[in-house]
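Quick one: structure below, then a few questions.
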């Protein structure tokens, strides 16, 4: 048996742990040959496929390492036209692949689904620091991202307190607010703003003002997809002498512009950016990613294809790829963590 | 309403987070007065009760701090005799307590149950770094302990590799092997030995020898309650000129004595000890402990007493104190993590 | 004896350690009364002075805490006019201060010098994460800032490698490149750009292209004061519908705009921002700050006023305030670290 | 030119950073061939030499890694007899080595000196977490060890405080107390005991009792070479049924036996052990080790042999191997850090 493995989409802590577990499990249990495909689906798209064999030694020592030893791509789509798709399938045949384990996010799962329909058996392993996979309670990489953000918030808290400032910190999470929510709670944020709940600038200002009165600084944790009621203020970036303004990533900067006139304290914004995607995975994520990888190997060996590994409660399970493609799991408005936040006095920017 | 809060038993990361959430939630939602009892049940046992009022400011800034601001005791038992019990109840009455939130382990829950039967309404919050609470999938403090142990394993891995040694690291977990299991997996241990599975010294040696042959060092992670088949070898500590040998805590040292004669590599043992109980909680544990504390406050406000907060799947729930006292949750022999470990080639010391 | 203590200027890890050492040393050795002035010199500028007494207990447990328990201000200048200066001196007299320990940066030292000339004996303790104090080989806060930046670089390295990208990370250091230099070396940056050496965009691009050819990603670490030869490109930030563009902090963004057209790889920029100023100090900085604080107390007790504590080699010493005001210590162009960087193949952007 | 590199003696964070800098600097500046010798001097002692070539790629990515990619040995001595010495020299000749860079501690430097006298040009790079190299103000690995110990102390502080206990933590440092001194100061220890100052048990107990009276826990940091006045109490370890007691490493356990009868609080001892030697180096140590490695390469290229790299003040320098062999640098009794400790109220166990 010959099994391919690839990683697609953005970087995420735990990818190497999945690759290691898939490989060790297949090597040990059924003596399969494991072929790493390089740079995601791009590795099946050029003149010649880009691969590297994965044996026991090549995956030793990678559990702790961030990133992916196979490389990744977040643009390559072998289904973009018929010729490219045919070439990818031809590469898979020439490599003698009996199946492919595809580790990636939404986009990768959608491509995997299409590849499966063309006849290459697929097992998907979901990957996102955003924790927004449908049907999956907790995805690897999320715990690490929360830890990175929480540490940053702690640093900002000491500066906020020393200066009596309002500190705004922007986290990743375009469609779902999981990172902002958990890191905000773990970092003792006073206000947490999520894509799921349009916020009132005035409500945020009211919290900060009440704290100013008590001699306290404030910390606002905002997910990058959060919007004020009535529509987002845009902040543009413009290179001098260039006619083209570019939208600035930071909702934190926009919020700062809105809040500053309403407050006495200085308001400062920090956009954490790419640091949230990288680095060594937390122990929690290493264990979770190892389980995901091993489960993928079990599905391969059981011949259960065209499914994606998931975590339901504390149990690993799987769902048909068809059911999960192109969906995103937001924080439900009745989620216990939202209730907890409100009950202990954390504002969600609600009017 | 006047609510008491106390922490009992051994130190555990997240205790302050629970105290903070209980207090903020009660203050904010029902304007209760919250009274901290100092040093666990010992605070109700002396001539005068030892207390400190808990208001908003006194619990600000403690979320990140390890330990418990209220102090704890792991010996004080107000139920040891009738007179002491009567005195404790009298103290509770004189303080005007309408209910008591007791945060602690097995012993604390058993006492809480007895106190409840004498008429003081109780809500229990389980606490253990060992993760062995019956009816509770994940307890706060465990994730932090796993992180501390994993970091230590990583340090030992580099030394083991540099010297070609067999490194043994002993973790806490007298009755249950959760810490050794998860930290062992997260730290890429080659052998994981748990209280739940008596190990074969020969099986452990065989793994190390096979790795020696491949020029590889080995790392063995052993929970303090693990035993070899045929009974444990005892290692004693003796102070010179004293007639009394004392049992040495370390099963790691005993295993070292057993393994060394069977191997060419040097074998070194490290007992991690109390560092596993202390320090700032991980973000995961801060969020979990905050939820536990808030849930305890909700139970108090709903008048649902003599119950202990639990986590089932991802949902908070509660169980009657009577059902949970004096039990311990071991790693079930069919637990997916055990299966994962075996499938990726980690030895559990099985023959 | 009554001694005042204040912290001025931007946040810096180790301020609490200085406050603690000053206080403990004075209390223990001469039984002085120690008075904390709140919010820097602002605490001497209002209607009534803002103070809090500092005894043994109030400085216990603060060694590990980031920020300053006294608060700080980076705008308040009691010398801005004669009336304000007179009021500050009157407050100092009414508080009965025999001397003042002023912990802060350039600005604080300049004010301290002026205050000293008006008759209040001063001991200065220099503070900067930038390590650019004249006459002081290593200032506390710098090691922590380097550690924070290095950790961020490590995270960005894994993402850069996984995607084959060029990652740019911008550090603090407006006038001096110490942070970028040490964190760049510690984080294995391929290019380090400093305010002290104007860089050639083409030289930077050449390094990245050569690495592209070898299938390698690149990491560029740039201090915020670094400039390209021929003058800096400005990147502006503009709030929609507002007529006023604001200069965007990030030289990283400007460099990205310059580099991207010259390279095949994607280029990404990260501005670390305020996280570099906050958080718990490293052990190195705790020890250093403790020494600075204790030395300040010794100077007070020896009556050696109007001097600033310094570190020369491994020895504490002091310099007259008059000599250090309004100067900045850049990385000398013949510094051994620059030579080391070049010799191991790190580019400094030189043509 | 062909240059050998080896690492000898115990593990130490930063070894890989030295190997990387030596290699990159030699490759880049003079196109030398660099040959890694495996497992210290053992790699020159068997039938065939054990080596691996070191090129640019093989040392990429190792800066952050603990341990040594070349392996080490702390027993192999090629000078143990004439035949072995001759064989080692013959291996060096057969490998065509023009010089050897030997990275290691006391023992390695002594062997290096002997090898040099037999005609192989040597440059030594000192390595010790203990910081006790004569003529070298700060050695790499020390900062990391201090950070590891400080983190452990912090964890123990929270537990000590929660329980009102006396916590004893034993650090490495057989001959010199640098680690205990700096980590003790950074971790806010109340008592620091060093090999350089015989301690009075009664003086230690007095500090703890005074703190008990004020409701405070105590933390004692003790270097493994510290001794009480009047001679050390020995604690033995005895395997049941074995006639041979073994000396237990822990002076912490001995101190515990001595202190407990004098105190009301529970006393607990923790021996940190091998974790102090391993793990990723701190940024400080990465920079320092990089400088040491680069300086070694410069000495090789300048033909300055039979010298050891040192750090004097902030400047790299070198000393003749003959001057440094078999000496150890203790904490001088007039060292400023000892004075600082006493002045801020930290006890050194003096009567």
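Going in written order, the chains are labelled A, B, C and D, and every chain counts its residues from 1.
Simple rule for what comes next: a residue touches a chain if its C-beta (ideal position, glycine included) is under 8 Å from a C-beta of that chain, and two chains touch if they have at least 3 such contacts.
Chain by chain, the UniProt names read as follows: A, B, C, D = ATP-dependent 6-phosphofructokinase.
Remember, predicted model here, so these are calculated numbers, not experimental data.
Seen from the Cα centre of subunit A, the chain whose own Cα centre is farthest off is D.
Subunit A and subunit D have Cα centroids lying 41 Å from one another.
Centre-to-centre separation of subunit C and subunit D, using mean CA positions: 31 Å. Shown for subunit B are the residues that touch two or more other chains, namely 154. Because contacts link each chain to exactly two others and close back on themselves, their graph is best described as a ring.
By the touch criterion stated above, subunit A contacts subunit C in their complex at residues 7, 10-11, 13, 15, 39, 65-68, 71-74, 148, 151-152, 154-159, 161-164, 167, 233-240, 242, 245, 248, 253-254, 257, 268, 270-280.
Only residues 20-21, 24-25, 28-29, 61, 63-64, 137, 143, 146-147, 150, 154, 182-183, 185-188, 282-284, 286-287, 290-291, 294, 297-298, 313-316, 336-337, 340, 343-345 of subunit D touch subunit C when the two sit together in their complex.
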